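Going in written order, the chains are labelled A, B and C, and every chain counts its residues from 1.
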Amino acid sequence: MEKLTDIKREKGKVGFVDKSVWITLLILLVLPFLISKPLATEILIYGLFALAFNLLLGHTGVLSFGHAAYFGVGAYAGGMALRYFHVSVWTSLVVAMVVTALVAAGIGALAIKKKGVYFAMISLAFAQMFYFMALSPFRKWTGGEDGLKFIPILKLEFPFPVDLTSALPLYYFTFFVVGLAIIALWRILDSPFGRVLKAIRENEVRTRATGYNVNRAKFLSLVISGSFSGLAGALFTIYLGYGSLMTLFWMTSGSILMMTLLGGMHTFIGPVVGVGVFMYLQNTISVYTDRWQLFVGALFVALVLFFPDGLVGTIKMKYRERKSRA
Amino acid sequence: MQLETNGVCKYFGGLKAVDGVDFRLSSGQLKSIIGPNGAGKTTFFNLLSGFYLPTKGTIHFEGKDISRKSMDQVSQRGITKTFQITQIFPRLTVFENVRIAAQSRKTAFNFWRRAGSFHDVNEKALEVLDLVMLLDSRERIASTLSHGEKRYLEIGMALAAEPKILLLDEPTAGMSPAETVEATHLIRDIADRLKLTIVLVEHDMSVVMEISDDILVLNEGKVLAEGNPKTISDNEEVQRVYLGGGKK
Amino acid sequence: MFDLSWEIVAMQMIFGLALGCVYVLMAGGLSIIFGLLDVVNFAHGTFYMLGAYAIFVAVSLCGNFWLGLVSAVVIVALIGGVIEWLLLKPLYKRDPLYPLLLTFGVSICIPDIIKICFGLIGKVVPYPSGLMGAFMWGPVMIPKYRLFIIVLTLVVLITLWLFLNKSNLGMIIRASTRDSMMTQVLGINVSRIWTVGFMIGIGLAALAGAVAAPMVASIPDMGVEMTIECFVVVVIGGLGSLGGAIIGGLLIGQVISFVALFAPSWSNVAIFMVMAIILIIRPRGLFGEEGRL
């Protein structure tokens, strides 16, 4: 029996972030030299989107089937700020996050208290609403099917001039923003608030009985998740050079769900791995066939049936099993 | 009077699960609620803890009306509970289960500090684990515990939230006779050491008779009898309605 | 806008009613599946699409619309049964998230299979010869086919109600909801009951798709939008309530019909705005059960 005081002292030691975060950032740092730069940039952006999405799904236990709403609203908000208000690139990112947070707050106010399936359906419905709004009635501002074009030439002025139309600088700009966001998300998940989210995922009734306001926690989780998704969207607009209508399309919501599950929704970095594998596969397979959806759908069905923990999750489990057997 | 209910009722459509119960609890008491199946004991508990809203009647805690407070609000005010079917966080470690309960009294919406850096919360969790004899299992995943250990864990979680009143819903359910004896002593021990008020719902009459200061008998949603263990065991009507059998 | 004649308004209402009936069939099927299995079928629209393709194939083969209709419903319902048996059933004992995700995966796969088999160009099913054209009811012109849809839906709903409330199998189905303890007590093979219930729900979706086929060009991707619109109907009407599915479906049919007339660029957005308004003023839906929110 260890002494209680020794255990107390050991429990108190905590660092800044976990090793796994640094390792991931390191890999992402050198990624553009391993695969094509555009693909690497897309992996960064969707990786952030997936992490933000998983804050809600894997860590809070709430399924949103319409996360494209936040990605897309962020993409358009950032794009519109650049095109109509001629703000700086940094400002467009902030605008995107704020606008998306407000949208998430609105949807949360209407739907977060509801049973899981209802929220999933309502979130999908709202995403579809935004899609159709951008397509038709607000075509004048959003560019409709063609997307938001004619965004001014993208460059950074501060802290030093960077040409964002060139692939490598664009990558490292994106890496900088996404890297900070990853650290922020990791800290949020390991904070007291993050622990409450995990408790909600494990047992909502018990969390409530322990004295936590579950509805408020879920609401905040949605707002944070949405806001970071919006950041990813704004980065996507900068990457593409225009605001794409596809960011609001239902398949975007579906894809991010599949990528997250593929990587492992109960781990922190799983979603990013899922994104990497998914996009790499998509890139490769699309060369041979248009029927990518059939492949990815079948893969998803197989995942759900046989590997619900995803790649990273299954690896983690095997590692833990081996460790406990030793 | 630390906790009292006045004419509290809970109706589910036509079913009168609880039908006008007056309940008085003084600080430091250990009171048991007994009665046949369907008497309304768990429903009454759920009313006390805020899981259900009363259809009629009021609940007052330390003089304030808590009838319409939600479960988390009631918990924050100092009434915590364990459930009839153990409710813990299965995939978290034993330590984290209790730590998050202890954290509830400190902070919920802090986004920036690392949760493990709240030393007082950690200490509280470890002390509670020591009290319910789960300190050595602290790094185990909660779902791997035995049934009895899980019940202890849940009691620990209820304690870590620093309650003034602890509600225990059939804590010894599913335990072996040996475990039941140990649990009984633990509960009485907790009551005395921490000077807690405890309310117990129990079927096992040996437990009830041994540790209760006071007993309330419910039948069909109404109060049948109230008094100390001797009074209740002598009560003919109680004997008739609820033959007070021990473990089946 | 105000120089509209009453005849046109009446005709729009009938179009809206027919459209609403399609939604009622869809939402009804979704509600049955949810009520019985506790699963929200994200592939519901996919089976609607399959119904439309099935009747196209059947009519191409045998030339008879009515035979085509019946066989379309039966075949697609069977496909649904197979999917439930092989893919969905293993997931019931897991977290309720997984059956939902599975239906989503199915909804992604199947359209591509259809694209491989039938290509991307829309398929057209001709109106049955007896139901072409319209007749005049006073000054109002009523398309025969639209009337047929309304009557058919009524017949199906009544049959369904009778079946669920008066027949033995129907009552067993109602008692066999996945979260009831009755299932173990009654000792019947609930697993099979669930498959039957699922097939009934799918059958309704297939019927909706088959009857809608002559009115639209069937394309492989038509399923997703229908699924989403179906969700709007059940959110408005209340999930698990057949009455809600009916009211919600009819309401949505009218909304789409009239918005298409007055503000066509908003016609796709309107139903979501209606959903948002109802969520604000009556969160549990028009007929939703309290607590099952």
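Before moving on, here are some points about what is shown:
Going forward, contacts are C-beta pairs under 8 Å (C-beta built on N, C-alpha and C of every residue); 3 or more make two chains touch, one makes a residue touch a chain.
None of the values given here were measured: they were computed from a predicted structure.
Taken together, the touching pairs link the chains end to end in a line with two free ends.
Taking each chain's centre as the mean of its C-alpha atoms, the one that lies farthest from the centre of subunit C is B. Distance from the subunit A centre to the subunit C centre is 33 Å, each centre being the mean of its Cα atoms. Distance between subunit A and subunit B, defined via averaged C-alpha coordinates, is recorded as 41 Å. In this assembly, the C-alpha centroid of subunit B lies 47 Å from the C-alpha centroid of subunit C.
Those residues of subunit C in touch with two or more other chains do not exist in this structure.
Of all residues in subunit C, only 34, 40, 42, 87, 90-91, 94, 96-98, 100-102, 104-113, 115-116, 224-225, 228, 231-232, 234-235, 239, 265-266, 268-269, 272-273, 275-276, 279-280, 283, 292-293 touch subunit A in the complex they form. Residues 63, 65, 110-111, 113-118, 120-122, 124-126, 128-129, 132-133, 135-137, 139, 250, 254, 257, 261, 290-291, 293-294, 296-298, 300-301, 303-305, 308 of subunit A are the ones touching subunit C in the complex. If you check the complex, the residues on subunit A that touch subunit B are 1, 4, 7-8, 11-12, 14, 187-188, 190-196, 198-199, 202-203, 205-206, 208-214, 216-217, 220, 266. The touching residues of subunit B, when paired with subunit A in their complex, are 49, 51, 70-72, 75-76, 80-81, 83, 87-92, 95-96, 99-101, 103-119, 122-123, 126-127, 130, 135-136, 138, 157, 161.
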